[in-house]
Amino acid sequence: MLNTAKRKEMLRMMIKVRAFEEKLNDLYQKKAMFGNPHSYRGQEAIAVGVCSALEKEDLIASYHRGTGHIVAKGADLYRLMCECLGKLDGYSKGRGGKMHMGDLSFGFLGNTGTVGATVPFATGAALAAKIRRSREVAVGFMGDGAMNQGVVHEAMNFAGLWKLPVIYVIENNLYAMTVSMERSVAIKQLAERAAAYGFEGKSIDGNDAELVLDETQRAAEKARQGGGATLLECMTYRWDGHFGGEPGTGYRAREEIEEWKKRCPIMGLKQKLIAAGELTEAEYEKISAAVYAELEAVAARAVAAALPAAEAELDSVYAREAAHG
Amino acid sequence: MLNTAKRKEMLRMMIKVRAFEEKLNDLYQKKAMFGNPHSYRGQEAIAVGVCSALEKEDLIASYHRGTGHIVAKGADLYRLMCECLGKLDGYSKGRGGKMHMGDLSFGFLGNTGTVGATVPFATGAALAAKIRRSREVAVGFMGDGAMNQGVVHEAMNFAGLWKLPVIYVIENNLYAMTVSMERSVAIKQLAERAAAYGFEGKSIDGNDAELVLDETQRAAEKARQGGGATLLECMTYRWDGHFGGEPGTGYRAREEIEEWKKRCPIMGLKQKLIAAGELTEAEYEKISAAVYAELEAVAARAVAAALPAAEAELDSVYAREAAHG
Amino acid sequence: MAKPMEAAPATAAVKEMRLQEGIREALRHEMARDKRVFVMGEDVAMFGGAYGVTRGLLQEFGEQRVRDTPISEAGIVGLAIGAAINGMRPIVEIQFCDLLPLCMDQIVTHAARYYYQTGGRIPVPIVVRSKFGTRPGGGPSHSSCNHGAFIPFPGLKIIAPTTPADAKGLLLSAIRDPNPVLCFESHHLYGVKGPVPDGDYTVPIGLAAVRRAGKDLTIVTCGGMILKVEEAAERLKEKKQIDVEIIDLRTLAPLDKETILKSVAKTKRAMIVDEGPIVGGLVAELAAMIQENLFSDLKGPVVRVGAHHLPPPHSGPLVDAMVPGVERIEAEALRLLGS
Amino acid sequence: MAKPMEAAPATAAVKEMRLQEGIREALRHEMARDKRVFVMGEDVAMFGGAYGVTRGLLQEFGEQRVRDTPISEAGIVGLAIGAAINGMRPIVEIQFCDLLPLCMDQIVTHAARYYYQTGGRIPVPIVVRSKFGTRPGGGPSHSSCNHGAFIPFPGLKIIAPTTPADAKGLLLSAIRDPNPVLCFESHHLYGVKGPVPDGDYTVPIGLAAVRRAGKDLTIVTCGGMILKVEEAAERLKEKKQIDVEIIDLRTLAPLDKETILKSVAKTKRAMIVDEGPIVGGLVAELAAMIQENLFSDLKGPVVRVGAHHLPPPHSGPLVDAMVPGVERIEAEALRLLGS
């Protein structure tokens, strides 16, 4: 079992992930951001559980609902917030927005708004590790809806065939935008599909951060030993609408939403820690307050930051220097 | 069990399918055809078993190795041969060649040279039947290699989700061009993938025409009853090279080729019929001779047929009349 | 080619509605008229489409003919092709045109070539609707204008309605057309209102519309850019007494050369304004075609005004700099007119 | 931009080989020099590629770096992108360009935009090799020329070598380039022989080559068409004393405007000859660009000579009618020259 420090750090990180979403939504409501947020609230245990199991050199690929993964993998909150707001200080200089980023300095392969498109990136990153015998493991995050994209099928077949050190993490929040899983596939659990590619698939409680961490560690260990790919289907739920401005109630029953909110990943870990005498209410409040305060400061700076100069970026499309030095 | 007449008809059709391949290869060697043949020799039991199980209104979609399916579904040999030779009398007026045809008059949805691309056509044809409650069943033929195409994955998921009246027939001849199945997927049998889409998958001896017919009938019956899709993986082997001019020996052991030739689908059914006293050697020779004679006549006519006039076809790309009258 | 019905048939009643609703009118009208027509796409049924275009269709026509799909663009188009071959008239929605490359093979290699490659035996009457338009917050995967990228592929028809009435009339033509038709719907125009005739009428595919008559300069454009071009034309008139003739393509393939060349032959100066990339695509084809046909009449080069050759950016100022604005259109026009 | 190395470095020995082998030379040279380089594609390892380009690489570099793949074009390119992001230099073979639409999304929306959309943090140095060229027997799915269709998409570099020496030099530039590079290899040129210098040299991307000097007319072309254009030029010289200047683009994106415009400014007449479609694509961009820049110098319109706007047919006579032949090139040139 994990030591107290690690468990508290995971709790703190989940609060951070959620606080970021809440602050971003706040700025969105105030029309301070370009585009829409895709709230990660409710799914925090997955990003935090997975990233807490990884080592520094390990890599993740993300998708449209990516802010949670990016925060959990160790992004600088100010630069991330700036990117959401289209500011020059953003990771992508405001060019990409939160759906289009990437920075290897914290092991982030990148994300994009095209569902499923980055799954082969994680797979290819794992292929690179295999070819040059380096230790890193790659994680491909995706939503349940991505499992019906052709390129995801193709990528997973490669991973099984070549025993690549990759972990596929499906965040099954039961809906792809407004379409429920029952209306997208004819199987009970998406983890069943791993068998079609010749590797292990497992469906787990995605709201239990420690469980997610354990399973990720097992999968990463196996990958480093040459055991190949693993698919982890993490069952979870998105608390908010699909994106900002979409309430998420037109196609989901209020009871269902309430039911899932009772299984809050943060509250779950908090109660465990308190029950185990490793945390007090007061301590929790202190941690939480500190995180939210940090976000306030970050947001204030990001709002004040400069937008990119219109003309400056116009020939930014070709890389000049030889790649990787 | 099938009656003698039907069994003999299947035998005759398999000979016809093979004779067509042999005649086409002959013309190819003589440089009488444009492009290359993709010989179907060795796989005759699949095309004939499947098509013998279908009713007139049922539909098939084919692929690059399609001449066998086209003959078995009832194409006119002269027009098919003309198409191979790029003649104006061809089904596609010489525009498409044998890889690009389609004619609903004998239930042929069409084929194309893009591996896997017609699998969604069979699926969509089945969707049409479901929406308007018509009786026809659609068959999607494909090679083993097609199972790793994204669009095939997407189409099969639709079929499972919507319980469409479609039958997927994988002709698993163990190789995709020069790449063996072991070097393409990490599973033992491709039929296992049906589970990922929520319908039944079965791996059977693809060189036993009667077995193929039985399984196809079961699947078609089920489809007509609203039971949805079935995947039939028919294990078989291609006797010749991938296409004309490619010997097929650079990546396959001679022993393997010889082994499979011993399991000739035509000889198999012939022996059964003789053993059952339903056929004599002499009778067989008579049937065979008649078929080969027919092919000689067809080829002679096709060779003598006119090529399309160069300019005539230049604005043939848009359909003028409203579709379907 | 038949004369287009520019306005309501004298008899028909007219309703004011948004372009989005004009499209829906066409879908409803044809689904009621023709049992072969059905609609499928991501979130089109229960939710009524990401932009509300298909709202109410599920309730009116039922789940057999209005279908939510998994996230499988290539499969969606592929199934539509198969259903069309088997006698149906599928209409699919691809949520935005950045996703068209996912079904590119099915569209350009199969749907577009099927009629030709079957010797004219099998037409593929499908309609693929998608949204285009570059806007802040969309970013590189959600905000493209790739309408021009489909022009080099034979066998496709491509439309881009700019008024609610055209939207209904062009969609009806598209659904009834025996060929695959791509319909590009502008993000900038969904909300634009205008009169739409009741009942059955079509706007023929292949016919451009002269939106403003002028003698000094012809500006050819399509989709959302029409708004900026019209404003620029107003300014040029006010400030400099320049009379701009505006041609709204409405159909991108096949191009209405007759209307375009007639106008340029008159004004002797042509400018192409498009939200798509300045390199390749629509602006290139139009400029090349016009100078090929009217070289000796032209008083200046055919000028291309398009988006800078970049992925669509996320941040507002970057988008503003990339996409042609009224000022840029105005400035280019003045440059061309040498004033 | 650095001067291209048109010929062997004075020192280097020269070997006569086919274009196909020139490509292989580049792959071997760079795989030996740079451990990050690896090759994958359908049938490229054990079989040596559908056209033999990668023959022997498996034996020389082993199965880790030379990989046969399943039939998964989008996956192949997607994995290449991921491997490139993680520090490798993947070279993938897509068996023929008709299959590029299957990986269109990965190429144009992701590989091409990644550097931009990550704020310049992550380049994607991949090379996608594919065959183009229309020939009898290929038919609508196996015989396309869609090289021009990629021009509207920012972030890509596109090359099309026509000599064995260029093939080696351009491929070496492509593999070392930090951007995604599409390499179109002509079916008609694989077998063409020529001298190839030993050792390390590059032909820079972005530089066209003047293959024949002339004063009367500039013909811009690329890929397999070079053979027909050179023959037409010979005939025009013999029959009519017409001096044609031939520009072989070698790089389709970014275009070498300098070389093209310099030539046309001199000859005052330009013709674009391409195996791709006459509508849209490469011929349109070049015609539009040239008239935009040299309108007042031109003595006639920029003439486009391309394939008729059809899917590539199967039957010989149909292919001959569709693809520009020497006669058509010659006739168009005479028409443009008014003789």
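Per-chain numbering from 1; labels A, B, C and D assigned in written order.
Following the convention adopted for this analysis, a contact is a pair of C-beta atoms (placed from the backbone, for glycine too) under 8 Å apart; a residue touches a chain by one contact, two chains touch by 3 or more.
Note that the structure is a prediction, hence the values are computed from the model and not measured.
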(message) If you average the CA coordinates per chain, which chain's centre is most distant from that of chain D?
(response) A
(request) Determine which of the two chain pairs, A-D or B-D, is joined by the larger number of C-beta pairs in contact. (result) A-D
(request) Take the average of all CA coordinates in chain C, do the same for chain D, and state the distance between these two points in whole angstrom. (result) 31
(message) Measuring centre to centre with CA averages, how many angstrom lie between chain A and chain D?
(response) 40
(request) With chain centres taken as the means of their Cα atoms, state the distance from chain A to chain C in Å. (result) 37
(request) Pull out every residue in chain A that's touching 2 or more other chains. (result) 92, 94-96, 100, 112, 114, 117, 148-151, 154, 157, 161, 183-185, 316-317
(request) Could you list the positions in chain C whose residues touch two or more of the other chains? (result) 69-70, 72, 74-75, 98-99, 102, 105, 109, 113, 116-117, 139-141, 154-155, 309-311
(message) Quick check on the complex: what are the chain B residues that touch chain C?
(response) 59, 61, 90-96, 100-104, 109-110, 112, 114, 117, 119-132, 136, 138, 150-151, 154-155, 157-158, 161-162, 316-324
(message) List the residues on chain A that touch chain C in their complex, please.
(response) 33-36, 83, 86-87, 92, 94-97, 99-100, 112-117, 145-146, 148-150, 176-179, 183-185, 250-251, 307-311, 313-314, 316-317
(request) Provide the residue numbers of chain D that touch chain A in the complex, in ascending order. (result) 35-36, 38, 64-65, 67, 69-70, 72, 74-90, 105-106, 109-110, 113-123, 125, 154-155, 157, 176-179, 254
(request) Name, in rising order, each residue of chain B that touches chain A in their complex. (result) 148-154, 157, 160-161, 163, 183-187, 192-193, 195-199
(request) Report the residues of chain C in contact with chain D in the complex, numbered from low to high. (result) 98-99, 101-102, 104-105, 108-109, 112-113, 116-117, 139-141, 144, 146, 148-149, 151-155, 253, 276-277, 279-281, 283-285, 287-289, 291-293, 295, 298, 300-304, 309-311
